[in-house]
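Heads up, the next two complexes both have chain A, just with different partners, chain B and then chain C.
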Partner chain A sequence: MQLDERSSLRSALAAASCGLLGISPALASADTPDNFQVDSALLYYAEKDRVKVAEFSGIFTQTLGEDETISLSPTIDSITGASPTGATSTDKTQTFGTNDTTPANTLPVKHFIDHRFAASVSWQRPIDRLTKTVLGAEGSAEHDYTSLGINASIARDFDNRLTTLGAGASADFDTVLPASGIVPQGLAPLGVSTNTVTAFSTPAEPVFKQVNNGVVAHTVTSASGTIIGGGSTSSGGLDSIYIPHQSRGKEVIDGHIGLTRVINRRTLMQFNYGLGISTGYLTDPYKIISMIDGTSGETVGYITEQRPQNRLRQTLYWETVVHLPEDVIHLSYRYFWDDWGIRSHTVDVHYDFELGHGFYIEPQARYYTQTAADFYHHSLIDGASLPDYASADYRLAQMTSYTYGVKLAMPLGQDGELSARASYMKQTGISHPADAIGVQTTQDLYPGLRAMIFQIGISFKL
Partner chain B sequence: MRALFISVMIPMLMLSGCSTVKPWDRDLLAQKKMQLVPAPLDNALDEHIFFSKEAASGGQGLGGGGCGCN
Partner chain C sequence: MNFEWIGTGAYWRGSFSAMGGPCEILFDGIDESLARRVCNLARAEATRIEHKYSRYRDDSELTRINHSHGRAVTVDAETAQLLDYAERCYRLSQGKFDISSGVLRRIWRFDGSDKIPDAASITTTLAHVGWDKLLWRNPVLILPADMELDFGGIGKEYAVDRCAMLCRRECDAGVLINYGGDIYISGPRRGDQPWIIAIDDPYATGKHGTQTLTLHKGGVATSGDARRFLLRDGIRYSHILDPLTGWPVRDAPRSVTVVAQSCLEAGMLATFAMLQGANAENFLREQNVPHKCIR
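Then we have the complex of A and B:
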């Protein structure tokens, strides 16, 4: 009994001293100078019949002083598989370009391979006893996309450290470089020569476009199948026309304010408001839209998509963490809305079930739902006037997504952890919308998604 | 502005009357598993997947973005 009291006094004293040093009780881990923390994970993400991703990610954190750390987070992705093009399935074979056909009653997809390298660095330091700042920078590169960003945030404790107010902002500068080298014109038909090749005659960054050997008269086609020009073959089957690798910019500015409050000895709560503005090229250069006959519902052609050049996003976020007698439950809710007409609710719960001796099992569940963007159309009617903006990207459609997972963790040494996690994600949408026409009523117009996610993680201190 | 008010002022008012938790009573709150994001790497990987497959993103603070996946 005496030992228990002493032990509980020791932990109370430790907590009190942490409270004096730390910004938030939740952050009061035993960081001391010269600590080097490694968190790393291997992840495998596999969609049924579609995309597969293998990824390594890590967070390496060096403690520099009391409450001062610097961390580096590298990520390497390898992505293969196929992604829906936006075109809908129909009862006939569809052709999207040379050697690119989709059988009848099958969802058109585009196969691709990509790799992504990303890294971020983050420096956390205290300004005074109650205030800390975090400065960060990040970069990411794929063969058709690059991103550079900076961020800063500040948090200050009030009310005997029971309340923390925080604010932050970030700016990302992205560049979209379509794999074809050509940024497609929005809402432009596929398969129609626009004969605009002269626009590319003085390239800053010349590239050759391979065409069929021996073909003299030919066209130059973008990745999505858009014929953007033509010319004559000089020799060896190479196009004589120089085309610069086109790109478009995109800027993303985000800001947030937040309030974290200790409710009682076992409960912590957080409220956040976030505001984000995206400007520039927000269109997906690879997505297309089926044009259908207004009577039969048969696909008669395709056009490229086009999204607005601005997007204003807002979020309200609430999270609570409750320490039950043994276990810990994390519960969060997010409401998201934007000026594209998307409204979304997300509920996420993690239950940390303690098994003793540092072992735990953590069931995880997430519910997500969104309304469609105002300009989402599963297809457009041929001959009708085109809207200003249109996309058939299923990610902008009305959808509901469920994710269930479980994590198993065991201690590794004094401060380490070895973990394994498996999750299943399922997205569903409106497969048979009320405005389907003719043959479309026999087709599944929403490409639902099912994915398995496996992860192993290891963390330790050096 | 209304969203700002709802997200910050109302919780502040709601919580301002809460009982205080003395520093020596914060032993449970000091545990790693009581952090708002106890597993930052898991969280980052999840957020990246959801960001690439859904229209909504953000909420927890900064992070995400910088990817051609969406």
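Then we have the complex of A and C:
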């Protein structure tokens, strides 16, 4: 062909090709543009005879550009029920105030209602083709607890994208202000009866005096005689001696590094190491410890708990995902240890059975076991010297739990999913420890826990 | 659709048959479920284009045009764009690329034999060839009776580019689309690695690649007679027919492979180069496009 326009032929063809591709009709599509994604869930958690939690959570993700998203996650919890106070059951009725008694052979619990509102925002954006960053902030509020946090993480692909290395850090700043308005002093005796109240006149530091049979001072007065703190036994409830107007802070710093590796066409493996440091008020202001008679084992009084002001936590995590021709197996193991003496192992396995047409059923099993914190005591012996730290919180005790669950999911429209999950959790500990004394041997010192969890989830794109 | 993990290359490969040949899509750097979903979308798009522009289907849009018996037909926007493109290529090639030249294949059968049609049948057939004999005023086409159009040299390349657009929209992975040798690469492999393409050796067809191309992004198309030719009196007649003479182009390379911005552009440049015959290499050099010619 004798072309007059040889040099411009290529650009003319390029323009013609571009024109054809640019103007041609919209591409066939199996889904709508995925620029807004909604994931939401309703959860109901019910412990037998104890705490019940209803929770709504959602994640709303807006795509801003290629690989760039911003998401907002609100959570609303409603918590009701009864939580163990830390005091053990005895063979006699226990009185914690004029309106608060626990029958014999029954675990003392504290009834409460709380609502929690939390929200987090997260901005994910790529730095280049292989590197992604996430910046986030979060906040939550309960009537006695607020928390504010920030976090950042980065992940980069290596080795032809077969390997991803990630690192992240977060910082949280929490404030505890108990329902009473005042944070209790640690390891301080509680008033257990309406016996004599003795006033002290120490200005700064409150002074506690055990008068007899667990009865203590209930007011703290300044040098000028003004009452600056204290509790009235006539008001009932779990009063304690306290320092007034003190909300207490807690700072939590966490960091993690992780490695994700494509092992072969079917197997993905992930390793993580996490390090966390908590400092500040780590004590639970509502928990108490039974003081028992060293011979009879009878409860003679109660003291508030006291935990160390620091906690160093470390975690090793391994997960593998195996894609079978149709199904998917997830298997993970987590080892946790801290300088409180807690060591825990978690094994979790779930299996996605593909039922076809987007339906799947996912059985799940989880095993968890931990050792007790060094300062965990189911009770303390009256008259013996007090340890620096002590807690009878069941969550710090040696325990084992099993969770079994099943999830059923079905497709919803083009990109949505509707799912329902039910799980049963059973937690057991040492009900009859070797160091039980006298009547304690007749009591269940770790009553354990059983809970059902129901969840309904829905996700879709707009 | 067949879907598998190619361990040696570390990519997902979806393969299916469409447009009269094997089609494959390679995905690097995304998970299986997304790759499967995108591959299914691409297959649906390739199948849609095949059904719409196949010469062999009674219900295709092309068959409706070819069976119009000289009556005016109104075509839809997509077909109009393809006809505009075909007309543009006809003009740019000064009549050598012609989507109405397909009827010449009724007399030229490139089956490796020595059967060459006689001059009379060539002349008779040429009467039914020529874009200038039809009337095209978007959206109305009048195709004279006894003439036929086909989108050879456009349709498959168009399908590749359309599927590439679809893949780009659905995922950011490095995707290689290969529909019977017409290729588009949407982006590099993991770690910014290029894709490596072997060019079929016309002397040992289908057995191994003689040369390789490494490419991060763009369209690749090959025009060649590796599998389709006539051999008579020591002259090898390539399957590229010159619609102006009714004869195969003389001294054309065995195969021309061109790299360009899109598969459509690469395919058309390769076809144009073939139509240049002995001058193919010069033409490609003048156009300053990356290419490989095998003679």
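Everything that follows uses one rule, which is that the second predicted complex is superposed on the first by the 374 of 462 C-alpha atoms of A that agree within 3 Å, B and C clash if a C-alpha of one lies under 4 Å from a C-alpha of the other, contacts with A are read in each partner's own complex, and residues count from 1 in each chain.
Going forward, a contact is a pair of C-beta atoms (placed from the backbone, for glycine too) under 8 Å apart; a residue touches a chain by one contact, two chains touch by 3 or more.
Given the structure is predicted, the values throughout are model-derived calculations rather than measurements.
S.K.: On the A-aligned overlay, A:Gly457 touches which partner chain: chain B = first, chain C = second, or both, or neither?
M.R.: first
S.K.: Could you tell me if A:Arg129 is touching chain B, chain C, both of them or neither one (first, second, both, neither)?
M.R.: It touches chain C, and chain B stays clear.
S.K.: One more residue to check, A:Asp339. First (chain B), second (chain C), both or neither?
M.R.: neither
S.K.: Per the overlay, which chain contacts more chain A residues, chain B or chain C?
M.R.: Looking at chain A, the partner in contact with more of its residues is B.
S.K.: For A:Phe158, select first, second, both or neither according to whether it touches chain B, chain C, the two together, or no partner.
M.R.: Only chain C; A:Phe158 stays clear of chain B.
S.K.: When the two structures are overlaid on chain A, which partner does A:Asp293 contact: first (chain B), second (chain C), both, or neither?
M.R.: In the superposed model, A:Asp293 contacts neither chain B nor chain C.
S.K.: Applying the touch criterion given at the start, work out whether A:Asn264 contacts chain B, chain C, both or neither, answering first, second, both or neither.
M.R.: Once the two structures are laid over each other on A, A:Asn264 reaches both partners.
S.K.: Using the touch definition from the top, say if A:Asp67 reaches chain B (first), chain C (second), both or neither.
M.R.: In the superposed model, A:Asp67 contacts chain C only, not chain B.
S.K.: Under the stated touch criterion, which partner chain does A:Ala373 make contact with: chain B (first), chain C (second), both, or neither?
M.R.: After superposing on A, A:Ala373 lies in contact with chain B but is clear of chain C.
S.K.: Regarding the shared-chain residue A:Glu251, is it in contact with chain B (first), chain C (second), both, or neither?
M.R.: neither
S.K.: List the residues of chain A that touch chain B in one complex and chain C in the other.
M.R.: 12-14, 16, 18-20, 25, 27-29, 160-162, 264-266, 323
S.K.: What part of chain A is in contact with chain C in the complex they form?
M.R.: Per the stated touch rule, the residues are 1-3, 5-7, 9-10, 12-14, 16-21, 23-25, 27-30, 66-67, 129-130, 157-162, 264-266, 323.
S.K.: Please output the residues of chain C touching chain A within their complex, sorted ascending.
M.R.: 5, 7, 10, 28-29, 32, 37, 40-41, 44-45, 48, 77-78, 81-82, 84-85, 88-89, 92-96, 158, 161-162, 165-166, 169, 172, 189-193, 260-262, 264-265, 268-269, 272, 275-276, 283, 286-289
S.K.: Going by the contact rule at the top, pick out the chain B residues touching chain A in the complex.
M.R.: Contact set of chain B toward chain A: 3-4, 6-8, 11-12, 15, 18-36, 38-42, 44-45, 49-50, 53-62, 65-68, 70.
S.K.: Can you list the chain A residues touching chain B in their complex?
M.R.: Per the stated touch rule, the residues are 8, 11-16, 18-20, 25-29, 39-41, 43, 45, 55, 57-59, 73, 114, 116, 118, 136, 138-140, 142, 144-145, 147-149, 151, 153, 160-163, 166, 168-170, 172, 174, 176, 252, 254, 256-266, 268-274, 276, 313-317, 319, 321, 323, 328, 330, 332, 334, 336, 338, 340, 342, 344, 346, 352, 360, 368, 370, 373, 395-396, 399, 401, 407, 421, 425, 427, 449, 451, 453, 455, 457, 459.
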